[in-house]
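Shared between the two complexes below is chain A, which has chain B as its partner in the first and chain C in the second.
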Partner chain A sequence: MTDSAMATEQVVARGSRSNGTLYRGDPGMWSWVAHRITGVLTFFFLFAHVLDTALVRVSPNAYDQVIETYKSPIVNLLEVGLVGAVLYHALNGIRVMLVDFWAKGPKYQKPMLWTLLVVWVLVMVPGAYFMMVRTVSEMFGGS
Partner chain B sequence: MTATVSEEKAGSRGDLPPVPDGAVTVTLKILRFNAEVDSEPRWESFNVPALPTDRVLNLLHYVKWYVDGTLTFRRSCAHGICGSDAMQINGVNRLGCKVLVKDLMSGGGKPTTITVAPIKGLPVHKDLLVDMEPFMEAFKAVKPFLITYGNEPTRERIQSAHDRERFDDTTKCILCACCTTSCPVFWNEGSYFGPAAIVNAHRFIFDSRDEGAEERLDILNDAEGVWRCRTTFNCTDACPRGIQVTKAIQEVKRALLFRR
Partner chain C sequence: MTLALDKPRSPRRPAARRSNFELASWLFMRISGIALIVLVLGHLFIMNILDGGVHRINFAFVAGRWSSPFWQLWDLSMLWLAEIHGGNGLRTVINDYARKDTTRFWLKVMLYVSMVLILALGTYVIFTFDATIPAD
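For the complex of A and B:
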């Protein structure tokens, strides 16, 4: 079984400082990754939101035109995504503050993470339903 | 005199040892790098007979002693005390001498593959051997020694059990670099002091006999100091001594905010 002990397999790994391996980090690491992503997404939304709202100062007509384009199923889906991103960012933000300022925060970081994910699901399921019900019934209900 | 020496493969050391009863063949997949030959690290797999009670270090020894003597890694005591053999095992930082094969076995009789890579964020010299100097520099920078002013006492510096308990957790550090090289911030910004340096600062900052807390807090108040910590808890998960690393970092942060 060991006579042919060598089976060389070449996979190129990138970079020498971070050797290209995926680190299977603590759930806390993935919560931080998600926090970053939702934060950046929310920032992009706010950027676009400030621009479109500022448009009302330019011309109310143009503002109405832009808002009109938002009445599409795709934008509705993006809205649900936005609520999901903001909600996660907010809940995890509370968790991070507790980790920072509550002496027992580091000890309970994982239970707090599971709790926030449960809360997220509990809010998002009915939330997504009520946000989408109109769009879905208009698309498929034929009312 | 043996005439067969020239027939042996370069770097190998003679016959394979007998395979013990109960051994299963596992695939040991190692991220190797030899600066003289390779421009990039490359994966190399070895089939190694392993007992469930073997440690990953035993498998590395098997490869080095019987298959390929050029495999390079650090190890000294091999009992989890010296902290020489920190490596990335199946994607997480562990000591090669503390991880048992039985805990890495894939269930249901499926073939087991164990991946071993050098710890991240430090320059690789060869295979699993990394340059520890940046890590040690950060450690030295926090002044990890007793600082006192005024006259030396004529007897021991007395400390209550309660005061000793305050920093007990952070006295356990063996400087293996598992924590620092598990930190995403350290991978991207090598200038960050890293968890290990902060743990060793914590050990003295909260020591009632020490008078250098202010100096150390000033050092760690730096842009590359404790504020770089994003509380990912990778360090706490990686520490082979079970130190609550993130908790220690948070205590230093709070000391900076509220103690002065």
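For the complex of A and C:
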């Protein structure tokens, strides 16, 4: 076979997911997709966040007015999403480093993914509660 | 079932490596990542969850925090590491998905301009913060 003919090869995918030779379509691939999406979203938030914080150099009232929008119900919900995105990115970043630097990392990449998702849920449930409790109680007339 | 996969081995040898920039970038993402886990998760916990979360944040709250050199240094390190970590991540994303050289070039120009703007503005704000500025 010539080099160009070999450039794209038909590979039999049978059984390859279970023995770890094929990453495409594996949960590991989706963890990489989610890592990119959460990273890009966080970068755009950082841009906005430095601009809103810079208002402390304009005047206390200008800053307080913009910060009030962070306390509205919809933006409060977006904050839960931001914390969830950053937390996933941090936990998966630890997993990436373990895959890179720990000898058994590649072997355990999948169990590590399930572990980080469990940790994410365990942190996000109380986290979302404390972030939303005041907004929800104010919306539904509680004191 | 069969899948068409690109061969991992390139048919031609790549040009001789001229710099270790991509290696440094790869290493920086991991080292800054470890620091950012502490800096950013700590920041999010304090600002969004602890003690009433976002509802207690206002100018006076910021003034109280930035009266301490510890939190000034925390926020300054977080700003620089997060902006460069995120900017380098976006550089990789642009390299992966931009299909034309001119698109790639202009997206990177926009990225680098925004990074310089955010780093300069953020650093300026932390160093020149004035708690006695007039209210309006």
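Basically, the second predicted complex is superposed on the first by the 117 of 143 C-alpha atoms of A that agree within 3 Å, B and C clash if a C-alpha of one lies under 4 Å from a C-alpha of the other, contacts with A are read in each partner's own complex, and residues count from 1 in each chain.
In this text, contacts are C-beta pairs under 8 Å (C-beta built on N, C-alpha and C of every residue); 3 or more make two chains touch, one makes a residue touch a chain.
Here the structure is a predicted model, which is why all the values come from computation and not from measurement.
Of the two partner chains, chain C is the only one that A:M97 touches; chain B does not reach it.
Once the two complexes are overlaid on the shared chain, A:P106 sits against chain B while remaining clear of chain C.
Comparing chain C and chain B on the residues of chain A they touch gives the larger count to C.
Once the two complexes are laid over each other on the shared chain, residue contacts for A:F47 go to chain C alone; chain B is not touched. Shared-chain residue A:G28: touches chain B; no touch with chain C.
When both complexes are overlaid on chain A, the residue A:F140 reaches neither chain B nor chain C. Common to the chain B and chain C contact sets on chain A are residues 3-4, 6-14, 22, 24, 96, 100.
Taken together, the chain A residues at the contact with chain C in this complex read 3-4, 6-14, 22, 24, 36, 39-40, 42-43, 46-47, 50-51, 53-54, 56-57, 59-61, 63-64, 67, 70-71, 76, 79, 83, 86-87, 90, 93-94, 96-97, 100, 127, 130-131, 134. Within the complex formed with chain A, the residues of chain C that make contact are 1-7, 11, 30, 33-34, 36-37, 40-41, 44, 48-49, 52-55, 57-60, 62, 79, 82-83, 86-87, 89-90, 93, 114, 118, 121-122, 124-125, 128-130, 133-136. Residues 1-14, 16-29, 31-32, 96, 99-101, 105-107, 109 of chain A are the ones that touch chain B when the two sit in their complex.
Residues 16, 19, 25, 29, 31, 33, 40-49, 66-68, 88, 90-92, 115, 117-118, 120-124, 182, 184, 187-188, 190, 230-234, 236-237, 244, 246-247, 250, 253-254 of chain B touch chain A in their complex.
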